[in-house]
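Next come two complexes built around chain A: one with chain B, the other with chain C.
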Partner chain A sequence: MIPMAAVPIGTDAQLVIAPMLIVLATAVATLLLGQRPRARAAVSVAGAVAYAIAVAAIDWYIVLAPDAPGIATYQVGDWPAPFGITLVADGLSAFLLTMVATIGIASFVFSMRVLPELDRRSYYFPLFHFLMLGVTGAFLTGDLFNLFVWFEVMLMASYIFVAYDGGPQHTRAAFWYVALNLLASAVFLLGVGGIYATTGTLNMADLAQRLAEPAAYGIDPGPVVGLLALLLSVFAIKAGLVPFQFWIPTAYRAAPPQVTALLAGATKKVGIYAIIRLSFTVFAGAQLGVALEIPGVGVVVSGDSPLAFMGAALFVMAAASILVGGLGAVGRDSLEGVFAYSSIGQVGFIAIPVAIAATTASPDLRHLGILAALIYALNHTLAKGLLFLSVGAVRTATGTSRLADLGGLARRSPPLAIAFFVAALSLVGIPPLSGFFGKFLVFDAAARAETVPVLVLLLVGSLLTIAYATRTWNRSFWGVQSPAVEDATPDSVQVAVLLGLAAAILAVGVGFEPVYRFADAAATAALDSEAYVDAVSPTDIESLDSSGGGHS
Partner chain B sequence: MTALVLALIVGALFALGTFLLLRRDLIRVVWGLAIISQAANVYLLAMGGIAAGTFDSVPVLAGHDAGAPETADPVVQALVLTAIVIGFGMTAFALVLSYRVYEEHDTLDVSELGDHEG
Partner chain C sequence: MTTVIMRTTARAVVPIIFVVAASLFVEGHNLPGGGFIAGVLTTTAFAIIYLTFGLDFLERAVLGRDVDPGKEPARDRIVVAYHRLFAFGLTVAVGSGLVPLLFGRPFLTQTFVEFEGVPIYHHLEVASALAFDLGVYCVVVGGLLTILSVVGAE
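Right, the complex of A and B next:
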């Protein structure tokens, strides 16, 4: 822990834990202020602003500033790693935190506006902050079991949000969602327990170190390939990759739209983050001959690290996601139905470059793959977040989000239409929006990997995106105004939030250079296990002085 | 011997949990989930293993003259404690939620709840 003169208050180590403490304090304070809606709203706003500042400070002082260390750690309770819990902020964490903070603030402002007075007394805001706490903790933790705990924190809040409206379809959707995730949690524990039994540690840096030199620590790393597969299935459930996508349409339809924006923009990305962090930073160093024959096809997956297996599995899941999501979205008859299926397809687009990065031997292509996935994830968070928020705005204005009851919204509310249009174009990948660079980099990675089937798949997926984006636009914004639309009065603050996000999409596209540098730093951090291990510097258990202690 | 008994118990618990999870009654589904998470906890405990106690790993044993007894790994026990608390909370929540589902649908039969998509 080197004190950094660059940080105005405290040290860069303290900066790492700042966003978590802020959001935890806000959540508890809003919980206690249940009877005072005004004070609660004020605390919520202050907490959101402080959170944004803390994330921006991490971005600048730890990652982007010219003399930034690039990575900072906080040892909770001052227990040295691997005995205590380590929090780590590096480029990858910072990039995802920034992304989540952006959509979180937008969703938060939207929530302030959309909730009726009565709801402000309920547990909406404490839950909102706890959801953000879970997401933030998952991005910052450097301990596998702690990651499980943050997953649970995030999930508990999201369970209640799915059931929030309390109607028949909401309670049913929430029950499926809870049942599926409880099962996933048990599987997560199985993976964690197995990894502990195999390697003797759960600290991610210590894991990376031990797996890179199994002989020095006297462990047999063989089982980690299967255990990683267990963990992959858990993370794929969170990310909504096929074949674990089935919960998404019902849950996304049941949750309030501004929360769905957060589920699609933030909790999905936690799944992606966990896949990238564990596969590349932690498990990539393990030297293991992997040779698996896929039954029936006769294709043999082989490589010298667990990444080969991860990559092959991800390819299959991502390809199926793109097709299932794209085809499903074309046939939906409500706005949120289209976007829920679209989310499944878009996560496939994020997972394809990750799979390319996992299977390639070239370090440059691996870096490009991660970079493409991150840029695409950023675009998905902004665009899909905007689209789900626009579902909320349309519902507030017209009382419906069924395509059959909509039409002619563009004439009724041009600003709403412009914001929606920008997000839809960005999803399709039109320059100069952020989506163009995401798609371009994904295609670039696929082209350099020289895999024609993947290129064809990406093309088909892009065509499907164009098809459902056009269909949704035509059905809801063009054409004759329906009776619901004729009486519609969109809320100005809600539309302002949408326009703000649309401006962000445009800004990321036009001023792409700094975003690219940030994502570049993030991809470098994701692949640099050595820097990660050095920063955490886990104590070697064998080297501890066993005569110490002074309790004899 | 211990390993075999533990393996059999974990296997039996997972089998019972899965069986209940696939029932049509919502309350049985919750029971199934509770049993599966307990099975995961037992598995987690078993993963710590049992090692011969040494003065290095358990300093307090230094006071015992006649050799140290076998000791269990304390790390997994700490993990399991956390997992039990989380599992308890989630089971309670799932039970309340299933009551809400009953209020809204007047049935606890999974096949009658259906799976409509709008």
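Right, the complex of A and C next:
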């Protein structure tokens, strides 16, 4: 047995697990209070506030404060790494947690408002908190198998949300969603098992250390390239990149709009996060010749780390996503249909700079690529979250979200129109909104990589974004008021949430400097494998064998 | 389903399953076993009872309650009890994980006590992991039985 580390836990370390414990305790408490709707709502609110405070504390004390350590770890159950589960909060985790907390709170307030019969919907809030728990856990864990577990927690809750309204089309969507994700989970498990068989560890820091010097540990890292490809396909399913995008439109249409905002804003980002974390923090150090000739084209993908292959695959998927998403969104006949396709396209925009970062040899460009992806992801979370929530608000007000039944909403409810307008402009990338900086950095990365086809592709994607954003705006907010709109009475709290998010989009754009610094710290953390390994400092298993179980 | 063979077998098998489940549960912390597998095994015993004697048997014959056969299964008293068991299990599991925080140790830290000279056993090891396992056991039994009785009634 390995002796326990008798080191008292510092405040930084306790902060790491705080958001997770808060949301877990809230989920259980809301489940227990199933018979008392008022108490349950109160506990839910308290939990959400505490969660936001915990995330803000992580941001400040671990990442942003002048004397912040930049990274903190927590060993669950007092088992030292790599044997126990390590939780790690660094810049990258903190940035994504903040993003998710923002959209989570907005979606939560919205939920409180659209669920009038609180006693009948007794499982809504526990599920909501479990969904948040899965997302939080996925961002904080430093263990590959544990990442799988958090994916499952997140999926279990989202399965039920997709089938939540119980109609035939919801059941159908949920069936596809469950079937696809079960397959994806099996593939994930296969990849995790393969990596364990190849390297002998699943702790991410230990993995990074072993892959950087395979000879010292007596392992052959060859299979890792293929296994990383398996994992990439799983994360691409979560992120909704082409060719794994087909589940998105039906699932997003079936789930309640405020949950769709969370699915698009949070669970999608978990896929992106996993790609960035595993590729750059864990697998980037592996020195491994990769050469793959793409049949029929004659292009050879080659490089000295698995990233070269990963980047090439990501390029193709991202390019296809931008086109499929953009073209699909132009022709949809309902608000949520447009935004679901738009999500596919926008994830392509997030993946392009990641692919650039993976294929480039220059450290500066790599840093810029990750930074651009993070800023773009932030904008997508805020803007797309707002748009999906506005679908909910429009539905509450008019009872429909079909473009044919809408029109003239701008005159009926100017505040709703303003919020929608800000989000749409941010999606297009108009200064001074957050979307401008996202797009600007993505174009900047592509220009510095000197790849003309990518620039052209981004331009086409942006034009498509303008096309569907204008079309949706014209059809639903301008023009003659339809009968449904004439009787519309938007809910004031819902509109207030939308305006709050719109203000956030504007604030990120106007006060971009601190956001940039935060994202900069996040990108640095994503690329700094050494600091990650040092912070976790996994025990050397070989030294344990020789000394009979000592712990340094 | 309710042939004489089935009923006789069920009477013999169900107690054995419960005993095996209990032993798997108790030794779970240092031998193969644990709350999850014990919970699944317990559920199979219930499944056999349901298959042999019907869905209402537990309430009518074991608990001595009157059962309204036309009732919606999700509102059934016994299913409500399963829900409660599920929520209780989750509370115990999370609560047992939180206890170490009071002693300044990380979440989910476990320890154990050894008793010497206990009658029959002589040497007994009680692990704090047992509390967590109890939670897991209740979650598994409560969750699976809810599914089994609601889906089984449809």
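Some points to look at:
In this text, the second predicted complex is superposed on the first by the 530 of 552 C-alpha atoms of A that agree within 3 Å, B and C clash if a C-alpha of one lies under 4 Å from a C-alpha of the other, contacts with A are read in each partner's own complex, and residues count from 1 in each chain.
Rule of thumb we're sticking to: a residue touches a chain if its C-beta (ideal position, glycine included) is under 8 Å from a C-beta of that chain, and two chains touch if they have at least 3 such contacts.
In this text the structure is predicted, and so the values were computed from the model without any measurement.
Overlay on chain A: chain B and chain C fit together in the combined arrangement. Between chain B and chain C, the partner in contact with more residues of chain A is B.
When the two complexes are overlaid on their common chain A, residue A:Gly34 makes contact with chain C while staying clear of chain B.
The superposed model places chain B and chain C at 40 degrees from each other around the C-alpha centre of chain A, with the value given to the nearest 10. Once chain A of one complex is fitted onto chain A of the other, the partner contacts of A:Val178 are limited to chain B, with no touch recorded for chain C.
By the touch criterion defined above, A:Phe145 lies against chain B but remains apart from chain C after alignment on the C-alpha atoms of chain A.
With both structures placed on the common chain, the touch criterion links A:Ala25 to chain C but leaves chain B unconnected.
By the touch criterion defined above, A:Thr260 lies against neither chain B nor chain C after alignment on the C-alpha atoms of chain A. When the two structures are aligned on the shared chain, A:Gly77 is found in touch with chain C, with no touch to chain B. Across the superposed structures, the minimum distance from chain B to chain C, using CA atoms, reads 6 Å. Comparing which residues of chain A touch chain B with which touch chain C, the overlap is empty. Chain contact summary for the complex, chain C toward chain A: residues 83, 87, 90-91, 94, 98, 100, 104-110. Put simply, chain A touches chain C in their complex at residues 4, 8-9, 13, 17, 21, 24-25, 28, 31-32, 34, 74-78.
Against chain B, the residues of chain A that register as touching in their complex are 145, 148-149, 152, 156, 159, 163, 166-169, 171-172, 174-176, 178-179, 182-183, 185-187, 189-190, 192-194, 196-197, 202, 249-250, 253, 333-334, 337, 402, 546, 549, 551-552.
Listing the residues of chain B that touch chain A in their complex gives 21, 26, 29, 33, 36-37, 39-41, 43-44, 46-49, 55-56, 59-60, 62-63, 75-76, 79, 82-83, 86-87, 89-90, 93-94, 97-98, 100-101, 103-105, 113, 115-118.
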